[in-house]
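Presented below are the structures under discussion, each in the form of structure tokens.
One chain, chain A, links the two complexes that follow: it is found with chain B in the first and with chain C in the second.
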Partner chain A sequence: MSQIRELLDCFKKVATCPGKIVREYREKTGKGAVGCFPVYTPEEIPHAAGMLPVGMWGGETTLRLAPSALPSFACSIMQSITELQLQGVYDSLVAVIVSSPCDTLKAMGQKWRRQVPCIQFAHSRNTKIDAAADYTRREYQSIRARLEAACATTISDEAIQTSVRIYNEHRQVMREFSGLAASHPDLVNPIDRHMVMKSAFFMRKENHTVLVKALNGLLAKAAKKPWEGVKIIVSGIMLEPVSVLEVFKQNQIAVVGDDLAQESRQYRVDAPEGADPLDSLARQWLSMYGCSLIPDPEKSRFSLLRSLVEQRGADGIVLCVMKFCEPEEFDYPPMKAYMEKNGINLLQIEIDQQIQSVEQIRTRIQSFAEILRAQRARRASIAQL
Partner chain B sequence: MDKSATSREMLDYYLKKSYADAAAAKKSGKKICWATSISPCEFCETLGIHMLYPENHAAAIAARHGAEDMIQVAERKGYCLDICSYARLNLAYADIGRSVAEEMPLPDFLLVCNNICEVVIKWFENLSYELKIPLITLDMPYNYGPEPTERGVDYIVAQFEDCVRQMEIITGNTFDWQRFNEVMDIALESSFWWLKAMSLASANPSPLNGFDMFNYMALIVCLRGKNGCRDTFRKLTEELEEKIRLGYTAFPGGEKYRIMWEGIACWPYLNFTFRTMRNSGMNLTGSTYPVAWALEYDRGDLRSLARAYASTANNSSLPGQIDLRVRVMREYGCEGATYHMNRSCKTMAFLHHEMQGAVSAATNTPFISFDGDQSDPRNFSGAQFETRIQGLREMIDQRRQARPGREGEL
Partner chain C sequence: MYTLGIDIGSASSKAVILADGLRPVAGQAIQAGTGSSGPKQAVERALDEAKLTLSDIAASVATGYGRFTCELTDRQVSEISCHARGVSHQLPSARLVIDIGGQDAKVIRLDAQGAVWQFLMNEKCAAGTGRFLEVMSRVLEISLREMGAYHDRSSRPAAVSSTCTVFAESEVISLLAAGAAKPDIIAGIHRSVAVKVCGLASRVGWEDDIAMSGGVARNQGVVKALEAELGRPIKITPEPQLAGALGAALYAFDQYQSKNKTGG
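The block that comes next holds the complex of A and B.
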């Protein structure tokens, strides 16, 4: 038990002090960090260059400079990133890599104002044809070339191949962690779970894998205890700030699975093994599914969530819609209809990294938890009859 | 169509006809395609598929003051008010099937091309999911650099070929590549005459009341692959050239200031914004719309077609967007610019800060920005617009005073 707590605290330390981690990495290795914007940036490429790929998912910060650069109706993550950028927080990075799956990110790559090189790229948005794999592979090749220039180094195929293997192993370990955390809500609360996920953005993945494996080993051996609270699946771009997770914890709500871009979505699909590592990464992109940022007229995200609810015995879903994120906002109405049709409880909350007070969210979460508890009690009493 | 008809009469005739033809086609079992505004019309046109454009339809609903009720239908369904109002309007229309604008038959399939924004990907995805119909995607990778890359062009050409295959399956007809070349000819001519007519706004005084451009635009959006579109803009060119010859201006009260309008119109307030600018003697002579549909490519060359559709203004990098606006300001003799901070259009609005500063510095002209929305009437303040226009006028006057003689030129 104490070993588990020690490990969880270790993840928390990493997740809450990224600046220190980047500094230490630079001092220890002589290599720098590469900022990776959300979402689906092929981190394997900077990793293969010996860099520390760090996730850039904004953070809790007061917007002082950002309003002069970005309209108020841009999503909360990009507001934070703009603020931190203008404060010079990212100036120590070697480069930043920016994907372009939405209009906001397209603009963000163009609006980059610092000396740090900005490497923008565009995934294929039509994932149904073979030519998309070739295009994406060549786009990744362009990332490699621009990163080589920024890092003044070469990135070999072999090095990327090794990184692909490291990342595949990490994905597998993270998927296992998600399952084990769901079995032990008494040991891994929603904040702990998030910190394990988030810390992956600030560690070399081979090192993160070692730590998560150790945690998984301990969780696998731990006795399963009945959970008196409710169990939910969370979906969306991300579930922060921690004050919102605190509300989950206080209300005995266990997060038993997630469909968050910042968490499990990135671990859903491995890169297939192959001779050309950039082709492997491109094919991984084409295999990804169930995300608001990946075009999908079938909306496989909904059936994926339904399966997750069933597999993990969840009482409902909390959809965490990032404020001003149109891809997520478009998914809500059909998702609501789908979940209603399938008898799955769904609560939508709005995520804002700059949120001043969580009281409105608290009320909604409390009410949702009460509804779920009442349903569970009703089901239990029917079962007894 | 009567040969003596004016371009305005031709515009009305062909637009009404296109909706009527689509309704008749739907009744007779022919295929209807809903498409995004700068998607390649050439493929559908070749196969005789009737194309309709939800963006244009949404604009028409908003201009006829029918937006608010429909938007609320979408919002009751759960669509957030932050979502593009064209999308909210159209998703509501797909549900209820009627509006204050023309009847737009429901589609048999969809064609989405993201060379204007990424929102259309989600919007059409939802239509496809709700209506249970095929969605054909033409992905035009974002030009974060100066121009489309060769890898991007290879990928787009492969999508064109796949698009043809899918359309053949949907219609049961074989794609006629000879007919395709003919359609390309018509579309190229339509684009040519559209740009030619619109570029006459550069004359001093302009023979074109800039808000007329917003009206004529419907035709280049909806009927670019048809003879009627080409003929209308050829006629309009003749009319405008005649007006220039006579020194006539369509701008009532005379043109005192020439302005660039950046962004989509505020359709619910088209008349109000026009009157406010007119009362200040401002004519909207500059816009990026003329080049938006001035698609130039080599007939019969899919790679050239791919480059043309991938190079739209909205799909361009920030330096490209700035260059375009500087060019517009100079070519159309604009002394100032209004930037529409459009709540519905993140693609355009999010680069405004950088664009405004750079364009203003390069052309030594002032600008104003106002809050609005292309079709949600709740996101616009008339008083703010009036004040900003007044401010723009004062800034231009100040600059003129600093450069005596400028007023006399106008």
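The block that comes next holds the complex of A and C.
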């Protein structure tokens, strides 16, 4: 038990002090860090250059400078990133890579005002035709070339191939962790779970894999205890600030699975291994599914969530809609209709990185937990009859 | 056997004492909310009304915005559950509950058993809440109590926006400056609240009986505007402001019963 706690604290330390981690990495290896914007940035390429790819998912900050670059209706996460950028927080990075899956991200390259080189690229929007793989591969090739210039190094095919293998293994280990955390809500609370996921953005993946494997080993051996609270699946872009997760914890809500862009979505699909590593990465993009940012006429996200609810025995879903995130907001009405039709409880909350108080969210989450508990009690009393 | 429900809102505090989980024996509302002496006063007055002391209370539950600050009990239930329970107890056929309180507006959809199925609350702005009406009553120099009567005298409700309290306030000031009649402005304000709440209601959906609780339900103007927007009659609980506290007292009764069952 205490070993599990020690490991969990270790992840928390990494997730909460990214600046220190980047500094230490630079001192130890003489190499720098490359900022990777959300989502689906092919981290394997900077990783193959020996860099530390770090995830840029904003953070809690007050907007003073961002309004000079972004309109007030840009999503909360890009507001934070812009604010931090303009404050100079990212100045020590070697480069940043920006993907373009939504209208806000598309404009972020233009909004980059610092000296650090900004490498913007676009995934193919159509993922069903062969030309899509060629197109995406060419975009990745361009990232490689621009990164080579920024890092003054060459990035070989072999190095990317090794990185692809490391990332595939990491994805596998993270999927296992998600399942094990779901079986041990008494040992891994919602904040711990988030910290394990988030710390992956600030460590070389081979090192993160070692730590998560150790944690998984301990969890696999730990006795399973019945959980008196409720179990939920969370969906959306991300679930922060921690004060919101704290509310989950206080209400005895276990997160038994997620479909968050910052967490499990990125671990859903492995890159097929092959002779051409950039082609492998492009094909990985083509096989991704179940995400508001990937064109998907079947909206497989909904059925995927439904099976996750069933597999993990969850009582409901909390949809965490990033404030002013259009792709997620567009998904809400059909998702609500789908869940209603399938008798799955769904609560929507708004995620705002500039949030000052969680009181409204507290009431919503507590009420939702009460509804789920009452339903469970009703089901149990019917079963007794 | 008596149970106590305390509803600590942003603008007022309410207390209800229930005998045997069925019969309310006292109900008090004080116009002072969380962080004030309101909660204590409401409980003291309710105990006086029922001729009881705190030691006669077998179980109690706090609800409302200030529920976690209540020193009289360590059990809290959300205002969504409490309002739904309080309304359902008095109007068992209700399937949609509209509650407009001091700083938020809630719509709660109930299932066939009267249990909460879905709910929505207003976003951060005070538009569509009691606070919105208070601001307007100050600008118009007409008390909240009189607003319902003014509403009835309107022939042409003015247009007042429903998205932002501050914008709406400046609109009302402009209307006054332009010489618009106060009854028309008030009817416009009520319609603005109704439009906001109707927006929430349409997101959870409604088809059957609609009930309303919360202090604002005493304003007939708002009720009429809501009925016009929803196209249906609305039933008001007997003492709408006390519905949340009543629900809390019912939850306290459940707690008492389950404690006695388990012997804990």
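Just so we're on the same page, the second predicted complex is superposed on the first by the 385 of 385 C-alpha atoms of A that agree within 3 Å, B and C clash if a C-alpha of one lies under 4 Å from a C-alpha of the other, contacts with A are read in each partner's own complex, and residues count from 1 in each chain.
The working rule: a residue touches a chain if its C-beta (ideal position, glycine included) is under 8 Å from a C-beta of that chain, and two chains touch if they have at least 3 such contacts.
Computed from a prediction, not measured in an experiment: that's the story for all the values here.
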item: Partner chain in contact with A:S367 - chain B first, chain C second, else both or neither; value: second
item: Partner contacting more residues of chain A (chain B vs chain C); value: B
item: Which superposed partner A:E27 touches (first chain B, second chain C, both, neither); value: neither
item: Contacts of A:S68 with chain B and chain C, given as first, second, both or neither; value: first
item: First (chain B), second (chain C), both or neither touched by A:K111; value: first
item: Chain B versus chain C as contact partner of A:R378, first or second or both or neither; value: second
item: Common interface positions of chain A, toward chain B and toward chain C; value: none
item: For the chain C and chain A complex, residues of the former touching the latter; value: 65, 76-81, 104, 113, 115-117, 119, 121, 123-124
item: Chain A to chain B touching residues, read off their complex; value: 68-71, 73-74, 100-104, 106-107, 109-111, 120-122, 124-126, 128-132, 134-135, 138-139, 142, 292, 295-299, 321, 323-324, 326-327, 329-334, 336
item: Interfacial residue positions of chain B with respect to chain A in the complex; value: 74, 77-80, 82-84, 87, 114, 117-119, 121-126, 128-130, 135, 137-139, 141-142, 144, 149, 151-152, 154-155, 158-159, 162, 317-318, 341, 343, 346-347, 349-354
item: Residue numbers on chain A that touch chain C, as the complex places them; value: 350, 359-360, 363-364, 366-367, 370-371, 374-375, 378
